[in-house]
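Quick one: the structure is below, questions incoming.
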C-alpha cells in the first residue's frame, strides 16, 4: 500500500480541564517523512497534545486539521490515516497476537489477509508466539503486538505516547530502528519521550512542551537534542 | 456498506470469542440471576397456587437486574485496556461500534435467560401456554434492555458510582418495557388476565424501533466529547 | 455586559409578574372558588397540584430541547452550547422542585378524595417517572463528570426522555386497566373554580419561568467565573 503524503496541523489548540489549561495555544505542523520528538517534563502536556493530534480528544479551542495528498480529510478518512499507540496499549489480552492483528486489520477497513498478518508478525519478531494469548506476553512483546496493530492498519501517520516505557535496551533500539524505517518509507511519526537522549539519533524535529506551551520547535539530531536538554533543564521551576 | 458489515461482525465475533474464552460475564450474569430466582422463590412461594400472578413479574425483574450487571462488566473489560478507544479511533463508524456492542449484550443476555427461565418455570411450576408470545416478549424486551443499557454503560464506563448511576438512568426509561413484558408473559403462562398480547407486543416493537434509531444516533454524538 | 443585565431585568419583571399572578391565584382559589361539596378545603390543593404537574412536563420538554441543542452545537459554537447547557440544568432543578410539589400534594389530595395516599393512577405515576428522570439527570451532572463528557451524557438522557415519556404514558395508562379514571376537568363546574384553575396554572407557569431564568443566569455567571479563572491560568501558567 502506498504511503500517502500527510500534513497534520494544530492551530492555536487549547485543551482545558476544569479551571486549568492542559494545552495553551499550541500551534504545530508536521508532514510525512518527519520523525517529530515531543519532549517535556511530566505534566507538560505531551500526552494531551498527542491525544488531540490523533483525534482521541477534541480541542476546546483552536483546530486540528489533516490533509491527505493535499486534500482535507475528516471523520473516518482521517481516522484511517492516523494510528495511535498510547500508554494503554489498546490490544486485547485474551486474544492471540494473530487474532488481534486480524481484528484490527478488519477494523481499519481492509479486507482480511492472513498472509499479510503472518508477514507483520514476522517483522515484529512474534512469528513463533503469534498464536499465544497476549495476556501471556511480556511488556516488550505486548508493545510489539501494539506496533503490529499500527502496521496492519495501514496508517500513514503514527502517534506514539512514550513507546519506550518498560522496554529494555535492545527493545528500545529495535523500536527506534523500526520507526526510522517507517519515516524513511514516507510515514509521519510523532512520539513523546521523557528522555531526549534516546531520540537524539533518529528525530528529524524536536518539540519541547512546558506547561502546555510549545517552547522550542527546532531540528532534530544531536544539536536539536542539546537545545532541548538546555531548555528542559533551564526552564523555570 | 460491506465494510461496515464486516467491521460489525468482527467486533461482535471478537467479543463473543473473548467471552467464551473467559466466560466471566456469562457466569456472573447466570449465577446472579439464578440466585435471585431462588431468593424470590422463598420470598413469594408461601402460596404456590398464585405463582402465575407474580411469576411473570419475577421473570422480568431477574432479567432486568442480570442484564444491568452484565452491562457493567462488558464495559469494564473494554476500559481495562482502553480498547473502546481502539475501536473509536479506527475508521469504523461510531454507529457500527454501538450496534455491535448492543448486539453482544443482547446475545449474552439471551444466553443468560435460558437457564434462568428454565429455573423459574420449574420452581414456580408455570406452564407455557403461548410459547410464541412468551418468546416474543422476551426477545423484544431484551433488545430494548440491550439498546438502552449499552448506550449508558458505554458513557458511564469511567464515571464514579457507575454501578448506581446505570440503573438510576436506565430503569425509568425501561419501565414501559417491564410493564409490557409482564403483561404478555402473564397471558403466556395462562394467568387469568384480560389482556391482548398482540397490543403489547406491538408496543414493544415500536419501542425497539424508535429507541434503536435514537440510541444509535446519539451514541456517536455523546461519545466524542 | 449589557446583554447580561438585560436578562436580569427581564428576570425581575418576570418575578414581579409571577408574584402578582400567585397573589391573584391565591385570592381566586380561597375567596372566589366555592368550597367543594365532598372534599372541603382540601380540594383546593388540586389547583396548584395540576399547575405544577403541567409545568413540570413543560420543563422536561425544554430540558430535552436544550439537551439536543447542546449536543448539536457543541462541535460548532461553544457559546450556544454553554447557554443550552445552563438551560438544561436550570430546567432539571426546577423540574425536580415541581415534581416534589406534585408528589407531595398529590397524595395529600388523594387521601381525602380516594381514601388512600398513593394509587397507581396514570397521571400520578407518570409524574413520578418524570421526577425520576429529572433526578437521574441531576445525578449524571453531579457524578458523571462536570466536563464535556458528563454533560453530553445528561443531554442524551434528556433527549431519550421524550420518547421515553411517551411510552411511559401509554404503558401506564393501559397498565391499571380496571382503575377508576380520574377526570380532572369534570369537577370544575363552577365558573369560579375555572377562573381559579386558570389563574393557578398561569401563576405556576410564571413562577417556573422566573426560576428557570434565574437559575440559568446563575449558571451562566458560574461559567463566566470559570472562564475568568481559565484566563488567569492562560496568562500566568
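Note that the chains take the letters A, B and C in the order they are written out, and that residue 1 is the start of every chain.
Convention: contacts are C-beta pairs under 8 Å (C-beta built on N, C-alpha and C of every residue); 3 or more make two chains touch, one makes a residue touch a chain.
A quick note: this is a predicted structure, and the numbers were derived from the prediction, not measured.
A.B. asks: Of the chain pairs B-C and A-C, which one is connected by the greater count of C-beta contacts?
C.D. replies: B-C
A.B. asks: Central chain, going by Cα centroids?
C.D. replies: B
A.B. asks: Could you give the separation in Å between the centres of chain A and chain B, each centre being the mean of its C-alpha atoms?
C.D. replies: Measuring from centre to centre gives 38 Å for this pair.
A.B. asks: Suppose each chain is reduced to the average of its Cα coordinates; what separation in Å results between chain B and chain C?
C.D. replies: One centre to the other, that is 31 Å.
A.B. asks: If you average the CA atoms of chain A and of chain C, how far apart do the two points sit, in angstrom?
C.D. replies: 49
A.B. asks: Mind pulling the residue numbers of chain A that touch at least two other chains?
C.D. replies: Counting only residues that touch two or more other chains, chain A contributes 58.
A.B. asks: Can you list the residues of chain B that touch 2 or more other chains?
C.D. replies: Within chain B, residues 225 contact more than one other chain.
A.B. asks: So which bits of chain C are touching at least two other chains?
C.D. replies: Expected reply: 147-148.
A.B. asks: Please give the residue numbers of chain B that touch chain A in the complex, ascending.
C.D. replies: The touching residues are 3, 6-7, 10-11, 14, 17-18, 21-22, 80-83, 85-93, 224-225.
A.B. asks: For a test of understanding, state which residues of chain A touch chain B in their complex under the given definition.
C.D. replies: 54-58, 76-77, 79-80, 82-84, 86, 88-95, 99, 103-104, 106-109, 111, 133, 149, 153
A.B. asks: Can you list the residues on chain C that touch chain B in the complex?
C.D. replies: Those residues of chain C that touch chain B are 71-72, 74, 129, 132-133, 135-136, 139-140, 143-145, 147-150, 152-153, 155-157, 159-161, 163-164, 167-168, 170-172, 174-175, 177.
A.B. asks: If you look only at chain C, which of its residues touch chain A in the complex?
C.D. replies: Touching chain A from chain C are residues 75, 78, 146-148, 226, 229-230, 233-234, 237.
A.B. asks: Would you pull the chain B residues touching chain C in the complex into a rising list?
C.D. replies: 148, 151-152, 155-156, 158-161, 165, 168-169, 171-173, 175-176, 179-180, 183, 194-195, 199, 203, 206-207, 210-211, 214-215, 218, 221-222, 225
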